[in-house]
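Each of the next two complexes has chain A plus one other chain: chain B in the first, chain C in the second.
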Partner chain A sequence: MGLLFSVLTFTSITIIGVISIFIITGLTGLFSLGQASFMAIGAYTSGLLVTKLGMPFPLAIIISVAMGVLFGLIVGLPTIRLRRDYIALVTFGFGEAIIAVLNNMTSVTGGATGMAGLPQYTNLALAGGSAVVCIFMARNFKYSRFGRQCLALKTDELAAKSIGINVTRLKLTAFLVSAGMTAYAGVLFGFYTTYVDPGIFNWTKSAEWIIMVFFGGIGSLTGAIVSALILGTLPEILRFASEWRIVIYSVTVLIIINYRPKGLLGERELKLADIKKLFSSWRKAL
Partner chain B sequence: MSILKTENIAKHFGGIYAIKDISIELGRNDLVSIIGPNGAGKTTLFNLISGVYKPEHGKVIFQDSDITTQPPHMRSRGGISRTFQNIRLFEGLSVKENILAAMDPRSKYNLFDAFFLTPARMKQDKENVEKAHELLDIIGLWNERDKQPGNLPYGLQRKLEIARALASEPAVLLLDEPAAGLNPSEVRDFIDLIHKIKEDFGLSILLIEHRMQVVMEMSRWIYVINFGELLAQGKPDEIQKNPEVIKAYIGEEEAC
Partner chain C sequence: MLIQQLLNGISLGAVYAIIAVGFALVFNILKFSNFSHGGVLTVTAYAGFLISSKLNLGFVPTILLTAVAGGLIAMGIERVAFRRLRKKGSPIILYFVSSITMGMLLENLITVFFSSNFYSYPKFFEKSSFTIFGLNMAVTDALMLIISIVSLTILMVVIYKTRLGIAIRALSMDTNTTSLMGINVNAVIAATFFVVGCLGGIAGVFLGLNYTLYPQLGQLIVKGFIASVLGGLGNLFGAVLGAILLGVLEVTLTNIPFIGAGLSPVVIFVIMLIFLILRPQGIAGKIVHEKA
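Here is the complex of A and B:
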């Protein structure tokens, strides 16, 4: 039971991370290979505020998210005008730089040995509830004026400008939203594991989230969630297969990308009716 | 009274002038055409007016203010809309959403409203959807509203581009070869549509077009561009008889 709870908690946190990638990559078409460093910023800021300054947890959350947005602004402002491939490079560099700083500021962060002794404030209810709220917000974002304009500039920037979209500003907005969201995921993570070290938040984490968004279908929010559920729990389900589990995980990803290049759901969104249909067809089959 | 004009505007790429000192003028509720052989610089002129390029020198004046240095999205918000020669619709958005996206830059609600479905957002989006439905009805795309633009026949894609341009509530509409690729019956239909939207929306239209039927029937005034320079200008019947223009289009007799 404890294991199940822990897997579900981690999956909820992963869902928040994947949603933040969905907003920046799925909707806006930008690649952030340093996304996990915003998670590090969230985890370390909140961890330090609570353990060193004795700040109450809710206040620490707010400051940590603000910190994520602030760092997003520092990276985003000068780079968001660049071409998409350069943005991927710059965010990658930024992410690794953050890890390096955390590794070397030993007196504050504990360096490579990590920061321990965080109280376990996060539980399944908080993580799961947060994931649901983030899904709700991302859904509303997608179907708002912001989401539509993001999708528009993703397909054609020139046409987007010609209908009055401020492309630079909108990209920055999407980037900051996702930075703030990821920082929050970092807070939840730190206060669940009670211990963080910089290595957890390197670029492979960001890449993992990007893979999940592509696996689920690049334009599909429900796809991203389903994919985070599958790929987030798969390594745990496969634990009995010990070292083979990574192979099985990778092969699963390869098969999907090969046979469904647009991902599980493509640009479609899963609707309640689809799930009902699925269940009724199961019942008939049984 | 002109609503839009360029004053001695110029743009070169490398050492070659694509547009050299061109001045044109468009009046209120007017329809002016720009014609010329391929590569004459017509689309470059549109790009200068809509802000895709910055001119080397010269000015773009819109409603008596100098907009030469304004970025494209500000010009669109100010009231200059355009379509593209090679259709540029937003794939991944439905026909209706393509139109909504053009209204969104002027929607008033903020991020907080977007995230938490506040009444302000619901009201604005509802109004926009109603406006989009009206527009789809006028243009004749009502039955296609939930389709992906890529799945529409060519003629309807052209119409959708015009509808999207109209959704940003322009005062001036720049149409870049809107009748290209249409069959003769679609062209007739298209001419009627342009007349209709021009009157209904009180638009001033600047048109680039190769189909002489469209140009001669619709324009009040025509500018002829060749090699980036203004070759001639005048009323449709004057242009048809102009020897310079004929020379530019079909060459001289000796050259044959």
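Here is the complex of A and C:
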């Protein structure tokens, strides 16, 4: 039972991370290869505030998310106007820089050995609840005016500009929202494992989330959630295959990109009616 | 002292230049950032080790064989990860994801098969360094510099003087028109990937020699990226310039006691940000526009 709870908690945190990628990659088509470093910022800021300054947990969450957004602003402002490739490169460099800082400020962050002794404030209810709230936020995002503008931007940036959409502001908003959300995922992560070290937050983590979004279907929120559920829980259950985990991921994604480039669901969203239909067809088959 | 540092920086930059040029070549023709190049670096670093230790070869044959191996690997990557996408005219985003996935796949295959043991290259040379004009130079550094210059010269000759080079340059402008001119686009792209893989193989051996062998070695590809951002994305001369600048910068930063090797990624990142604000088109000049 304990294992199941921990798997579900980790999956909820992964879902939050994947949704933050969905907002930036799925909605606006930008790539962040340093998304995990925002998670590091969240985890370390909140951890330091609580353990060193004795700050109450909720206040620490708010400050950590603000920190995530602030760093997002520092990275985003100069690069968001440029070609899409630059965002990927700069966020990648940002991830390296953050890891270097964490590794070198040994007196504050514990360096490469990590920061231990965080109290375990996160539980399944908090993580699961947060995941649900984030899903709801992303859904509202997608169906709002903002989301429709993003769709236009992703499909054709020039056309979107020419009908008067402020492309730069739109991209920056998406980037900041996703940075804040990832920082929050980092807080939950740190206060669940009670221990963090810089190595957890390398670019492979960010790439894993991007892969999950693509696995589910680039434009589909439910697709992203389903794939986070599948790809997030499977390796936890198949612990013995942990060495091969990423290899299996990568091969799966290569196959999907080559033979079903739209991902599991493509642009479609899974609706309650779909699930009902699926169940009734099963019943008929039985 | 200053000249000594400059020399060290330039020879470090020489390796970055080979990485950056390989990256820029693919960017030129397919217009995406090829992250799978990092996987090529990792695999060839280990391949070079296997070739030199299992076959008991000297330095030059090792480099040549590894370069060929790298070329074949890169051609294989193109076949598996990009050929179908091109046939179907998929959006650039998919190429990008495909290349990231390919890079991760190669890195993790090496992790699965090699990470349990520690490997290092055999000693190729009797002496590890020599003195010239009062300047100290490691033998590997000198070779790095010489081989980089030779391979970059060969590359430039190929790009600017041969039929293949003309075809590659034509492709970088427009695929369809090139195809209509009777050029076999698939073959030219495969050949380009072979060239890129050869460069990756050479860089891989040097990385393996300079650092110890570890599966994440390929992440040094980021140096190539930074170099080509500094130089101007997709511009070959710019990539070389940016790489040498980056090498000199890194060596200088490492020697500043307050920064050291640990914090130099941070300073490099900040410099890159400032560079992007002031001169987003890079040293070499032309900005690459997204096709409307």
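Things worth noting here:
FYI, the second predicted complex is superposed on the first by the 267 of 286 C-alpha atoms of A that agree within 3 Å, B and C clash if a C-alpha of one lies under 4 Å from a C-alpha of the other, contacts with A are read in each partner's own complex, and residues count from 1 in each chain.
Please note the rule applied: contacts are C-beta pairs under 8 Å (C-beta built on N, C-alpha and C of every residue); 3 or more make two chains touch, one makes a residue touch a chain.
Not measured: the values here are computed from a predicted model.
Judged by the touch definition given at the top, the superposed model places A:140 against chain B, while chain C stays out of reach.
In the superposition on chain A, contact of A:158 is made with both chain B and chain C.
By the touch criterion defined above, A:281 reaches neither chain B nor chain C. In the superposition on chain A, A:84 contacts chain C only, with no contact to chain B.
Once the two complexes are laid over each other on the shared chain, residue contacts for A:120 go to neither chain B nor chain C. In the superposition on chain A, contact is made by A:166 with chain B only, not with chain C.
Looking at the shared chain after the overlay, A:257 reaches chain C, while chain B stays out of its contact range. More residues of chain A lie in touch with C than with the remaining chain of the pair chain B and chain C. Of the two partner chains, chain C is the only one that A:247 touches; chain B does not reach it. Annotation: chain A residues 156, 158 touch chain B in one complex and chain C in the other. Within the complex formed with chain B, the chain A residues making contact are 137, 140-141, 144-149, 151-152, 154-156, 158-167, 173, 177, 219, 267. Interface residues of chain C, counted against chain A in their complex, comprise 27, 32-33, 80-81, 84-85, 88, 90, 93-94, 96-98, 100-102, 104-105, 108-109, 111-112, 219, 222, 225-226, 229, 233, 260, 262-266, 268-270, 272-273, 276-277, 280, 288, 290, 292.
In the complex of the two chains, the chain A residues touching chain C come out as 29, 31, 33, 74-75, 78-79, 81-86, 88-90, 92-94, 96-97, 99-101, 103-104, 156-158, 203-204, 207, 210-211, 214, 218, 243-244, 246-247, 249-251, 253-254, 257-258, 261. On the side of chain B, the complex with chain A involves touching residues 50-52, 71-73, 76-77, 81-82, 84, 88-93, 97-98, 100-102, 104-107, 109, 111, 113-117, 121, 124-125, 164-165, 167-168.
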